[in-house]
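Take a look at the structures below.
Note that chain A is present in both complexes that follow, paired respectively with chain B and with chain C.
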Partner chain A sequence: MDWLQFVLAPQVINGLSIGVAVVLMALGLTIIFGLLDVINMAHGEFYALGAFVAVALIGMGLSFWLALLVTPVLLALVGYLSERTLVQRVFHSKDRHTLTLLLTFGLGVVMEDALKIVFGANPLRLEAPIQGATEMLGLFFPHYRLFVMLFGGAVIAAVWLLVFRTPLGAMVRAAAFDRHMTASLGVPVHKVYAATFAFGVALAALAGVLLAPMYSVFPTMGRDFVFIAFSVVIIGGMGSIKGAVLAGLVLTQVQSISSLWISPVWSDPLLFGIMVLVLVWRPQGLFGRLGHA
Partner chain B sequence: MLESALARVAPASATGSRPNDALRWIAAVFFVSALAFGLIAWAVGDVFFLRLATEALIYGGLALSVDLLLGRTGLLPLGQALFFGLGAYVSALVLKHWDASFWLALGVAIGASALAGLLGGLIAIRSKGVYFALISFGLAQVVSKVIYNTRELGASDGLIGVPAAQVGGGLTSAVPLGFFLLVLTLIFIVWALLSLLMDTPFGRQLAAVRGNEQRLAFIGVDPWRVKLAVFVLAAMIAGASGALYPMLRGFVSPELMFFQVSGNAVINVIVGGTGTLIGPLLGSSLLTGLRSVVGSWTEHHHIAIGLLFVAVVIMAPRGLVGGLAPWLQARLDRRGAKDRI
Partner chain C sequence: MKTVFIATLTTLAAAAAFAQSTPIRIGVVTPLSGTYAGIGQQVRWGLDLAAREINAAGGVAGRQLELIYEDEEANPAVAVQKAEKLFQVSKVDFLTGTVNSGSTLAVGQVAERNGKLMATTVSFADSITGDKCSPNVFRVNARAGMQSAALADWMATTRPNANVFYLGPDYEMGRSTVAAFKSAAEGKGAKSAGEVFAPLDNKDYSPYFGQIRSSRPTVIYTSVAGNDTVRLFNQMAEFGVSRNVQVVGASGTVTSQNLAAIGRNADGFVTGVGYSPLIDSPENKRFVTAFEAANKALPDLYGTDSYGVLYLYKAAVEKARSTETDRVREAMRGMSWSTPQGVKTIRAGDHQAMQDMYAVRVNSGKFEIVGRVSAAAAIGPDACTRF
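Then we have the complex of A and B:
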């Protein structure tokens, strides 16, 4: 019983707070892929950029809460512009899968080095906006992690509502299913594409801001994190929202509970092993693609 | 298959010159210039640029293996550095703890990467398209992290103090010009064999996998076998290139397996010209030079390479050689026509 309370429970809480951030990341990836067929290799760098923008805003005197709101909006703008000026240009070529992947990969290389130039390579710290912890049911909840869980959970629910319960979301799903038919119904598909890309980028940035007070902020912080997000999206099914949420929460729990017994070095191989097993069983991932029921 | 059938029905051009004449010319110019570069550098007593050119060729071998998969077979490998790094570690271990023979180290490294390629291929080949890209990325990520944390392999420091490899006849990898010429010869052999391979039924099957995998299955060829074979072959080429690295630099580090190396290989291929085989060698030479030159002014050379890469992907996705070859071919055809008259 003590083991449950003092060893297992903190890991579960830890895993949950990271889990919602991973889900936000994975949602961005999966929505962009589901609609545009684009693997956003720069997703990890957008995540890092989000964290850095928040650090810069707070350095300019903004409160954390304001930065939490402003950063995703700013990054959505960056995402919108990158889609219109870069991704859009190679979107109509024959092998756009490869070209868009390469393009976003190049974008990531440029962004990472740009971050190094502007902010330096040394890790920065961000003070947690709420300190302390609460005891509930004999369990110990650090306040900030509790906030991340609740806020992140609310955002995930909002994304789900937006995609499945609003006319805007219907347009996105329709465009994912058949873009020519959707365009002929008068939906400005190009704008929907750019907006979706922007939305995905904003989600990555939000994850970056939320995790910034828990980890340190450095230019290559996105690399390891995006690996988890990619595993989540592959396991959940590329382009599936349900899959991203489910796989994201389960995988981060596996990672965090397994760290009780195995060294963190082996947690990536463990994730990867799970991913390979799922792919052997279901090559297309657990769930189907956005717009395809 | 289809391509070769078409080639038989319709001759490539009325003059009888073959469509990859231009590529052969570019390749000839490349290898002759490389040879001239080596001799000039030696004559003026330079070591730095000779070593750098050797490194460029070694990364060129890695790029060649990426092109074999990406340009020829349509599989985008984002973790090819896995086999490059594996070859480097195996070669370093053999040289350090077993025997300082060049051929032994190269042979064992190729064998090990063939084995790893078979294992990795069984995992990665199951998936298609972007899934393949991400799985190969993940494979390299996982293995490099494990090596990064294995103390027996030097962890994050890697293995240092690798002795020079004895090639035979008094030549060792510590001789700048001799080792450069040896690497150039090896890369030439790999390039020539791959170029010949593309004209065999197996080479056509690779093109068919890229064109339409399903139809390849309809004519009775198992695409899975073709893909596994080419994956192992690419792993062996990457591993052999990697084996040369510790001989040149005297150390290996886990960074050799990191995404940066895989990514750079893909950049070299795209900038040089996907599917041209000579393009990756050219891209690797030019970009390794550029990295070194820009790197001597500022440590932020990635941003320059990255911007160049993005520009190439958007504006000239066929790359340097891919853009140059059709123009050269047209000129060759015209000249051939004139000669006939």
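Then we have the complex of A and C:
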């Protein structure tokens, strides 16, 4: 009983807050892949940039809540410009997969080093806007983590509504299904592409701000979630929103609970092992691609 | 008669050679770039300050000191090349500066092959003056075991019979620091509440907090470092894990590099270490003032021990009346010399410097001294069997 209360239950709850973080990262990745057919290797660095921009904004006197609002908007702008000026240039070549992969990878490296030059390599701290914790039935709930779970859950629901229940979402899904047909129907496909890229980047930035008080801010922080986010996207199905949410929540629980019995160092190999099995059994992932299912 | 004459002549020649005015060259192989650049910076500041002081006061037996720096990028393979170059091309008489314990061990072998002496002022690994000791290698800083001894001693007096939970990073350094402190602590009556090894660069420590809480420790020992410390400490505060629990750790856990990002969550942390700028002695105060004036930064343990090594070399060369390897080695063994931390003595059996050790507590960004262990109590057994 003691074990259930002190060991298993907190593990499940903590796993859930990491799960929401991973899902936010994976959503941006999977939307960009589902629509643009681009694997955004700079996704982790956009996440880091989001956190640093928030630190800078708060340093200029903004409140955390305002920064949480403003940062994704600013990063959406950065995302939009990167798509129009960089990704767009190699988008129509025959080697789109290779070229966009290399391009975004290079962009990520440049961004990480730029952050090092501007902010220095030492970690920075963002104070959590909600302090304190509630103790209930011997369990400990830090208030900020509860907020992250609720807010993150709301964002995920909003993304789903936006993509599947609005005319804007319908345009996105149509462009993902058949870009030529969609273009001939008068939809500005180029703008839809750039806007989708921007939206994915904004989600990464939002995750960056949201998680900064828990995980601290430093130039290489982008690597933290990007590997697990990639595996989530691969297992859930490249370009599937449902898959990203489901795989994200389940996999972080598997990692979190398994670390009770196996050395935590093995929880990453476990995750990648599951990924390999899923690839062998269902190479397209658990769910179908955006606009195709 | 003839023999006496020749002997006199040889002595005269040696004395003449010794009193020559060419500078004594000291090679410094230290990381000036990469992960450990911050430590290399302190090493350089300490050595430069000592060399300036010694040269201004007339040098070593009348000869000036000349420092020749090489960047080893915290990479043992690079360190070996640079050390070889300093011995072969620059013809240095003595070598110092290595930071990474792997670099120190590797460069020690280069020194042995070249028949020269070297000293580390930073590396912690016990093996350097233990089972991997070398007749050509000296260590003037405190090794890991001495730091553990100081911390265990403080814990035994302030938290007798502590129930300790150990949390280390899952690689060589983490496992060896936990093992070393555990044996030191249990030797003084502490019990183990449990242990966990988290991956390096771990994101979230909260999955371990259930285990920690259910084992109800009175003390948590950790040897995570760098940014891992920032996360661990902030998350422990977030979950109230460190409430009513004393957090202690390795001396590299909280440093001036990550202290700002931990903020008040670092307050109360205690570690065992060989130096604090707050040591209350005239030698230290004079040193801290000079160091701060020259570098616009406070000295840390690395800067201080690097400052100290040149005074050891000066004392040894003046006692040996030579820079020749065997004679300087003989002079250094058992030698006592003055440093900002007080008088240190090189133990002849393993070439490890003996010094008083301190328990320091973080309080509002400062390392306050809360305990002190004599050199004799901290040094531990001589595990070197090679010489």
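Operating definition for what follows: the second predicted complex is superposed on the first by the 288 of 293 C-alpha atoms of A that agree within 3 Å, B and C clash if a C-alpha of one lies under 4 Å from a C-alpha of the other, contacts with A are read in each partner's own complex, and residues count from 1 in each chain.
Just so it is clear, contacts are C-beta pairs under 8 Å (C-beta built on N, C-alpha and C of every residue); 3 or more make two chains touch, one makes a residue touch a chain.
Just so it is clear, the model here is predicted, and its values are computed rather than measured.
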Which of chain B and chain C A:114 touches, first, second, both or neither: first
First, second, both or neither for A:140, with chain B first and chain C second: second
First (chain B), second (chain C), both or neither touched by A:265: both
Partner chain(s) touched by A:165 [first = chain B, second = chain C, both, neither]: neither
Partner chain in contact with A:234 - chain B first, chain C second, else both or neither: first
Intersection of chain A interface sets (partners chain B, chain C): 223, 263, 265, 268
Touch list for chain A against partner chain B, complex: 33, 39, 86, 89-90, 93, 97-99, 101-103, 105-107, 109-110, 112-114, 116-117, 223, 227, 230-231, 234, 238, 263, 265-266, 268-269, 272, 275-276, 279-280, 283
Touch list for chain A against partner chain C, complex: 2-3, 6-11, 14-15, 17-18, 122-125, 128, 133, 135, 140, 142, 144-145, 214-216, 218, 223-225, 256, 259-260, 263-265, 268
Touch list for chain C against partner chain A, complex: 170, 196-199, 201-204, 206-211, 213-214, 226-227, 230-231, 234-235, 238-240, 257-258, 260-263
Chain A contact footprint on chain B (complex, rising order): 70, 76, 123, 126-127, 129-131, 133-135, 137-139, 141-142, 145-146, 149, 259, 263, 266-267, 270, 300, 302-303, 305-307, 309-310, 313-314, 317
